[in-house]
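The following blocks contain the structures, represented as structure tokens.
Two complexes, one shared chain (subunit A), two partners (subunit B, subunit C).
Our next item is the complex of A and B:
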């Protein structure tokens, strides 16, 4: 920084190097994935590159390209279907629960500590418990019942914590002003509270989609017929070892990248619109 | 129709409470009950049978599993806490522009957009026998034959944990440190305190909630993990969560249940201990 005239202490340079080392440590494996996904048709899982090609992406999109390829497009569809339901449900349930915590009520601690328990329990334990419960009750395991339920146990605690952050910063004066002007409860929520907490609500939506898409410990016993994406990739991991795994990595990263940047841009434009409003 | 505020809160929290009760608390009780039952292949009989518990509690194997995961946990915690603390300190007190601070944090988070299983494969081209690390070391003349313990070993497991969890430590500690008022640091400097004294007397005590939250993430991630340890050790190392996964795959529900309850008690006890250092709701609110 040019405008800083005073000398930096030695610790600054030591810690800068540590930061750089961490970034290298985080990015090196990922960069290998991205580069190796363009491996030539005869290349393997390691360097050197045997020519450059989009062969492995073609194998991926053809779906059943032999070579131990499972049903990647099908798994992707199943994961997306699950993520769509889980994210919308998480958003609605977490916002509603967050609103409840603006007052103190008997049982508040019970629900809060249930959320913490749900978050810290080993995923395999929760997944096993749900599968066992369905099994003993004679219910069929299915993606829309046990599958969504299992994923909600993972996404909802984070949703609740995000609501705590968002509502902790909410200035109740706005709401009081609305009440003084004669707004009823539903108007207060729709016209005052929701617009202010909307970035946080979108945050819950995004975090729920990503956690749903990544989750496998809770999901795998409860999703019923057909793999989800993480299960499929894990299967490929043990079944085949071709650069198609890297092509999956590059594609999914790209999808995530577009999705998260889109969400961030949306939140940013909402914040700007609010700031630009003449009466605020 | 007018409802009381208390009833309104109950209605609002009811969907979430329903999910946690039906999908977490009831299954927890059922696992506990099933751990005492008799079984054969894929079936559970309603008869009391205590061997699952005596096996889980009494065997040398269980002890070994917990010693293994305990070792992983301690090494991972020491390294992530050290790196997380110093980098949080760097980001909050050395980096002066908040734009650069946010950019660095975001840069550290982006690799996590690649799904977990792929991140595990990504170690093959780096650490495998033919990997870049071995090639670099061999061309430098440090070693003659490729190192075999870089991948599919306990070393690889711990490396993957550190790669995955450093950010889980860095984030909460940064959050705690960012709340320390600058005037406090300024006052200490005016009194002639050295950088080291400021760190020891002011920053470490005030960063404790962040360290506690980061530690909760690491304890639960390492104790609950069966996937990373399986892939990165090449199936050679077993942990308690791994043993449960194996028994589940073999449909041996009661012994898996007994081991699950044991793991649960240990995780919950550790988290309860850590929660004494931090009030999560207060921490999030301000």
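Our next item is the complex of A and C:
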């Protein structure tokens, strides 16, 4: 092995440094946030650090407001509630649509392109449009109606794309084999298709949670009373602020990492279950 | 038995002979499968299968042979019910099943890449058809184990498909198909994914299981060798039509037309006196003799195969001819590449070929 390592060409080192530079570029800004979140109680929003403490985390978790801290726990709850509904809905709709697209139907292309187009429409106008339409029809905007709808215009196209890729690689012979063995349509779906595409379905769920949690352009005009996290953070940024913002950033990163690692571990354990089941 | 199975599972292709309950109940029908003017059209112009008719006698091993795109797989898929029939009829055990659902036809299909469910163990794969019929777990696992034993895979019952070799996967797929007690087992190029050594062994095993169960196997292949080795009834297809359907020996000895003679291999197709004749390559020799018919030509290739030597000759009018000579006969003369020779044969071994449009029915 050592001999082989010596044989690595120059391009290997060049490309590795390029990759390292890319990672620094991607994560360095966040690292500043993580470091600043441990700013001392008298420190400000920028370097230098005035001592080290967990003071701003304490402020955040005390949840009593003050010290540049708005209604963070409330907006966190609102965001999570929204993310939960949006991700379940995206998952169900994307899987159903993916299954529908396995057969061609009239207008399939039109529906597909309209779904993809909503990804490239400027979010702020989509949000504005939804709010205006609700206003026009005399409906009250609310998180569970216009809020979820606005977020779905963002998370659903991604879910659809993932589903098309997953089902595009699905070998139709599995389904035919199941039919041959006497499975009806619902048994085929439950016992063959769904278990095989499950990693992709979990992928849709996780990507929908993150895209819902961080979405603000479409959400802000449609969510009704109370802020979501991105709106709250934007608000805090523009108002007079304290390093509690950075503590929020650090916590959010942690929560998202736990989510993603959990999902990766779940998919990995499914793959391992397939790869190494013990012999009898 | 136990020991033998665990030590060398693929080396013991013995079928337990004390399995009478796996045999099908015989009824008073003459043909296991009848195709009547079966047609598959994708549109008005493209015919995948063009009004083919075929009768497969009881408990036969039938091979559908032909080049790719000849309609053999489409025919098999229509038999299985995975492809709709445009016109014509399919009868299995004297019962018309043309438009029935796959499970109600009495057929079971083994897919080319086996299509074992990747998330289920070998045992669960085999038990699948019982599970969808809501057979209780204990009972379906016991039955599935019995079928895994039939294919000597019971010792790997809890493995997932990707932990099994190609040959083992095929055995599981076979058990999964057989557990539905099919009247006709359909196999779509079952041996093409295996290495040559395993292919020959699985071939023998398929034939043995077919004899053991006493049901008809319909096996699609593009390998002439496979079809000759396995078939009771061999069906040569080309261009959506059946060129010839007959026992393997009859096809090899009396090919119906030039296509069959060429496709099956080992034949020289020669135009003579306004007729097209075929002469088996192993009945040809290099050199002339009294009373022999011959064609002059030039040796283009000599291949040594051990027991025989294959000599390729470019004859008059640029026809490619082949002589398969015993090694003894070849080395008597030892013609070299480029030598001018005569390829000759006894007039009695000539076989007159018919026109290609005629389709033959198995009797």
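Quick note on the criterion: the second predicted complex is superposed on the first by the 257 of 280 C-alpha atoms of A that agree within 3 Å, B and C clash if a C-alpha of one lies under 4 Å from a C-alpha of the other, contacts with A are read in each partner's own complex, and residues count from 1 in each chain.
The definition used in the following text is that contacts are C-beta pairs under 8 Å (C-beta built on N, C-alpha and C of every residue); 3 or more make two chains touch, one makes a residue touch a chain.
The structure presented is a predicted model; accordingly, all values stated were derived computationally and were not measured.
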* Between subunit B and subunit C, positioned on subunit A by superposition, is the outcome a clash or a fit? -> fit
* Partner chain(s) touched by A:149 [first = subunit B, second = subunit C, both, neither] -> first
* Touch check for A:197: first (subunit B), second (subunit C), both, or neither? -> neither
* What is the contact status of A:173 with respect to subunit B (first) and subunit C (second): first, second, both, or neither? -> second
* To do: Go through the superposed model and pick first if A:187 touches only subunit B, second if only subunit C, both, or neither.
  => second
* To do: Give the label of whichever partner, subunit B or subunit C, reaches more residues of subunit A.
  => B
* To do: Pick one for A:105: touches subunit B only (first), subunit C only (second), both, or neither.
  => first
* Minimum C-alpha distance between subunit B and subunit C after superposition, to be given in whole Å. => 13
* To do: Using the touch rule from the top, collect the residues of subunit A that touch subunit B in their complex.
  => 1, 4, 8-9, 11-12, 15-16, 18-19, 22-23, 25-30, 32-33, 36, 45-47, 92-94, 96-97, 99-101, 103, 105-108, 110-112, 114-126, 128-130, 132-133, 136, 149-150, 152-153, 156, 160-161, 164-165, 168, 210, 213-214, 216-217, 221, 229-230, 233-234, 237, 241, 245-246, 248-249, 252-253, 256-257, 260
* **Contact footprint of subunit C on subunit A as seen in their complex** => 171, 173-174, 176-184, 187, 191-192, 195-196, 274-280
* Which residues, counting only subunit B, touch subunit A once they are in their complex? -> 5-6, 8-13, 15-17, 19-28, 30-31, 34, 44, 83, 86-87, 89-91, 94, 96-97, 104, 107-108, 110-111, 113-126, 128, 130-132, 135, 163, 166-167, 195, 216, 220, 223-224, 226-227, 231, 241, 244-245, 248, 253, 256-257, 260, 263-264, 267-268, 271, 275, 280-281, 284-286
* Structure fact -> Seen from subunit C, its contact residues with subunit A in the complex are 80, 82, 101-103, 108-109, 111-113, 115-119, 121, 128-129, 131-133, 156-160, 162-163, 176-177, 180
